[in-house]
Amino acid sequence: MDSSLILQNVLTPPVLFFFLGTFAVAVRSDLEIPAPLPKLFSLYLLLAIGFKGGLELQKSGLGGPVIPTVSAAILMSLFIPILCFIVLRIKFNVFNSAAIAAAYGSISAVTFITAESFLENQNIAFDGFMVAALALMESPAIIVGLLLVKLLAPKAKDNRKEIKWRKIIHEAILNGSAYLLLGSLLIGFITATSNPSTVVKMQPFTGKLFYGAECFFLLDMGIVAAQRLPSLKKAGSFLIAFAIAMPLFNAFIGVLVARAISLEPGNALLFVVLCASASYLAVPAAMRMTVPEAKASYYISTTLGLTFPFNIVFGIPLYMGLVEKFIPPIS
Amino acid sequence: MKRLDLIFGERELDAMLTALEAAEVPGYTVMKHVTGRGPERIVSEDMEFTGLGANAHVIVFCELEVLERIKKNIKPLLSYYGGVAYFSEANPL
Amino acid sequence: MKRLDLIFGERELDAMLTALEAAEVPGYTVMKHVTGRGPERIVSEDMEFTGLGANAHVIVFCELEVLERIKKNIKPLLSYYGGVAYFSEANPL
Amino acid sequence: MDSSLILQNVLTPPVLFFFLGTFAVAVRSDLEIPAPLPKLFSLYLLLAIGFKGGLELQKSGLGGPVIPTVSAAILMSLFIPILCFIVLRIKFNVFNSAAIAAAYGSISAVTFITAESFLENQNIAFDGFMVAALALMESPAIIVGLLLVKLLAPKAKDNRKEIKWRKIIHEAILNGSAYLLLGSLLIGFITATSNPSTVVKMQPFTGKLFYGAECFFLLDMGIVAAQRLPSLKKAGSFLIAFAIAMPLFNAFIGVLVARAISLEPGNALLFVVLCASASYLAVPAAMRMTVPEAKASYYISTTLGLTFPFNIVFGIPLYMGLVEKFIPPIS
Amino acid sequence: MKRLDLIFGERELDAMLTALEAAEVPGYTVMKHVTGRGPERIVSEDMEFTGLGANAHVIVFCELEVLERIKKNIKPLLSYYGGVAYFSEANPL
Amino acid sequence: MDSSLILQNVLTPPVLFFFLGTFAVAVRSDLEIPAPLPKLFSLYLLLAIGFKGGLELQKSGLGGPVIPTVSAAILMSLFIPILCFIVLRIKFNVFNSAAIAAAYGSISAVTFITAESFLENQNIAFDGFMVAALALMESPAIIVGLLLVKLLAPKAKDNRKEIKWRKIIHEAILNGSAYLLLGSLLIGFITATSNPSTVVKMQPFTGKLFYGAECFFLLDMGIVAAQRLPSLKKAGSFLIAFAIAMPLFNAFIGVLVARAISLEPGNALLFVVLCASASYLAVPAAMRMTVPEAKASYYISTTLGLTFPFNIVFGIPLYMGLVEKFIPPIS
């Protein structure tokens, strides 16, 4: 594990702006990015990575490593929540366990973006089709989480046992962020096929602006993450340990799978980051609606207050170290 | 007449308005992007970009009989999802 | 003292405030970007970018006599442009 | 009428993002672009097209086809509302007829922008001075609409008959969107004359970013348009038919006029689009203030829920077909 | 029960909420970006980007005894920084 | 004093958009830029100038004129508020005098930006390290203002005499705008040192977009400034005179100091603009919290309604004339 890699990662604008945000909360500066500006950046980032991913997917086609990678990604997002659920049941009831498990089975798009920036800085190649994996890993964990609740929750008085598939699927793939990401991916794909000239015209917006907007958004993420810390204390040490150890373990499994399907180092890192990251957009939205019995502060504080910062600061370079150990570079 | 103040999670707004319409309210007013603290949860502005959303504050001016119907319709929602409801006297100007 | 709640189209805000000032209110509070449904119209958030605008919610704490003056001034506005007005009791803390 | 032209138009990012928005409403996704973000994009687009139009106007000067085109545009925006008013009176009272007529006499800047993008995709040239026509067509229809009310409305009890010219003119040319468009046009013109070097510095903001911002805005327009559909049903079949047939008819007159004043194909299409499009910004703002007797849902639902989508999806390529039939290409 | 409406400068929000918590309120609701006019100051929306900030509107539903405690805690804040506080009757639905 | 310079300054997009905003208020157009959009632009501008300043500072190093200039800047921001205080005491009580004095001792970032654009238009060179002076001049005046209150205010009943240094320092350097500016400066500096490649990726966001965003923001500043005018009338003629004469006088002192420390013309102008401009972000925020006895409308109306417009329209070219008179051009 290369500590200079961590330092190099920390000294990039996105991570530094993230720190600027957390530090603002720590020193009680009144810096704030009022609603709905963070929403603007979050919508923009989803639209832009989706669109760019669609372009790349069209370029690379659906052959080669695309199908195996995406399939592995979906399998991971089904398997990880079950694993997490088993661990969480040690301390939590079915509702809370399932909701937190769903969050860790799903992904964080901003962590993914930061990993892409990291790879670019390190001059390590990666493929655009990984965005398809990102998009397709968002929802399955939600379905697993809801199924766990339906199957294992104590029979409620009003007999809510019948599984409402329609509603589950709806929450899983039609929540705003998943929908926008998938939709933009599709639009990028279609456009690259039928109207390549328009792609160039999108480039200043979806491409050039991206890095700066990412920094601005991470400034806000820093503020929000730091504001989550107090409620994290209340969550207890088990959950705190979980929020660090589980991503590391998921990353480890991720590396083994990446090696098994022979991903190249860049793609492998992104795959690992998808496994290790946890959702604070799509999953909380879905859980709030379908499992209100779970305590929102548990899954929000851990994913946003701990796992997210850990991943973008230490996680990404650590996982890179892991990838370099386990996966032979392209010769 | 009565004035009813409802405060609850933004994500339940659609369900809540449907319940109000079912109670045949003469109208309602909605304020979103509202934050606060209840017995259990703290809702802060930053929640708006996470999937959770902030609170909504709904005001209904209506007759007592409508209020009774509203009560029947929204009590289950409030007890399942959380949120508060208070009413007081009000007179049309 | 009295508490007055006015809800009406954002675009009439200037006219409404002028009417309130003419009634010599001691102060007022304005919340914009408010949505809702009345007997006739549904006002949704997307209206804000069309030329129509959303609603404004104005609160006035004042004495009864001021309320009478307000009533005289704003009734014509409300009946021409739409909007509702309700008052209730209130006490300074 | 070339159906491949329609397909080509549909498969561009702006139209695809529009569909993504409408589809979000159809499948009840919770995707939303919270206020006031749509306002940001709408202000930006007006500022940018105004500014760019001003530059082009300065380049082309006020000679050649500029004055005839702009004059024809203004005349159309006086004539079309009267025509619409006559048709609408079959079913509606004076207030509603005048308000809807004013909306159809005025223009939609986003439809214009989409038409420009369409022309660029088709490699068909057009002139920047058309933006001046856009800016000057926004207001006259409002004045016509208000005059129709003042002259033809049943005498009210409080005798509101005297025409308040000041108020009418004020609402017509000083509403936010008309003002910003005209003002930016002027600034573009002045800057291009006196400080050409600053024009280059504006370019990344007003030029490069434009296409992407247009897509983002159309995503929201898609959501809003789809949300209008239910109230459209209430409006009745006459109004629904009007919202499609009237633009087609106005487009047809537009083509004949464009031919009469010998516009080149690109400019002709833009001219036709101005005639066929209807306003959902300036006119509703003005009507709400001056003709509150008219039902807002009528003019908002038709212009936004039907005419706008029809124009950007089918209208523009149809009108292009019309233009190609009636107007000889530049030899 | 009582309903308390507090309106004051956004920048004092933290101090105000601390005072409310100290009075052991069962909960509160916050609306920011509120404008208005008081006896002295006009607070307009543009203030939000200057350092001054707009107003915040805080609603508390609580028992009378809590109200007494709140009164003790926030009166000094209101008289130092400005702002208004009114209460009225309210009943849980 | 070259009146053609004033005209040249007026006919640039930023100043023209400022006028468009003021004119909108004058003619009662309903153009508005709803909250929190102005906040978005203000945060963006602070982030971008900070970041760019950091880059330049890293390039130029801390040698040469950097330390003397920055020191002189800080001294000026300690001296000017005392001077202003003495003048203001003629008419105002200690609270109001101190608060207004603090505002005039501090700086306006947007005035600074406009001056940079002016210099670019005139092809006059200036150094990036001036941003450091900007960042470091924001806070000292706040401290001076608070000290003046603590030392000279009539003893209050609750004996608020002990100086709460922690709170003062906190308000002075940790208010949102000062914090973001300084933080971004630091991030720019660090990034330029350790990850120069990322600087290029920030460029479209912090560099290219800047001029356009500045124009958009100045449109809003125009609206806000014009809305301040009525309350300015209430403030009385002494304050109105102060809001014009004091900046001129401060500018004059600034030129002499700039000459004394041998600044080159471009840097000298920026230095003078820092002396002459007044704060409407950081200082009002700090004064509202710490000196609520002062009337906010005094320091907001003068700085925003009068001094700011005066500086960006007439001030900057006037000060340039002054600089040219007193400071020899680089040979």
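The letters A, B, C, D, E and F name the chains in turn, as written, and every chain counts its residues from 1.
The working rule: a residue touches a chain if its C-beta (ideal position, glycine included) is under 8 Å from a C-beta of that chain, and two chains touch if they have at least 3 such contacts.
Note that the structure is predicted; figures quoted are calculated from it, not measured.
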List every chain that touches both chain A and chain E. B, F
Same or different: at the chain B/chain E interface, is the fraction of residue numbers used by both copies above or below half? different
Roughly how many whole angstrom separate the Cα centroids of chain E and chain F? 33
Inter-centroid spacing, chain C versus chain A (mean Cα positions, whole Å): 45
State, to the nearest whole Å, the distance from the C-alpha centre of chain A to the C-alpha centre of chain F. 41
Contacts with two or more other chains occur in chain F at residues 30, 32, 34-36, 39-40, 175, 204, 208-209, 285
Contacts with two or more other chains, residues of chain E listed in rising order: 11, 31-33, 45, 48, 88-89
For the complex, which residues does chain A have touching chain B? 32, 34-36, 38-39, 42, 175, 177, 220, 223-224, 227, 231, 279-289, 292, 295-297, 300, 304
So, in the complex, the side of chain B touching chain C is made of residues 1, 3, 26-33, 59, 61, 88-93
Touching chain F in the complex, chain E uses residues 9, 11-12, 33, 40-42, 44-54, 80-82
In their complex, what parts of chain F are in touch with chain D? 8, 11-13, 16-17, 20, 23-24, 27-37, 40, 117, 120-121, 204, 208-209, 211-213, 215-216, 219
Going by the contact rule at the top, pick out the chain D residues touching chain F in the complex. 35-36, 39-40, 43-44, 47, 51, 170, 174-176, 179-180, 183-184, 187, 190-191, 194-195, 197-198, 201-202, 204-206, 208-209, 285
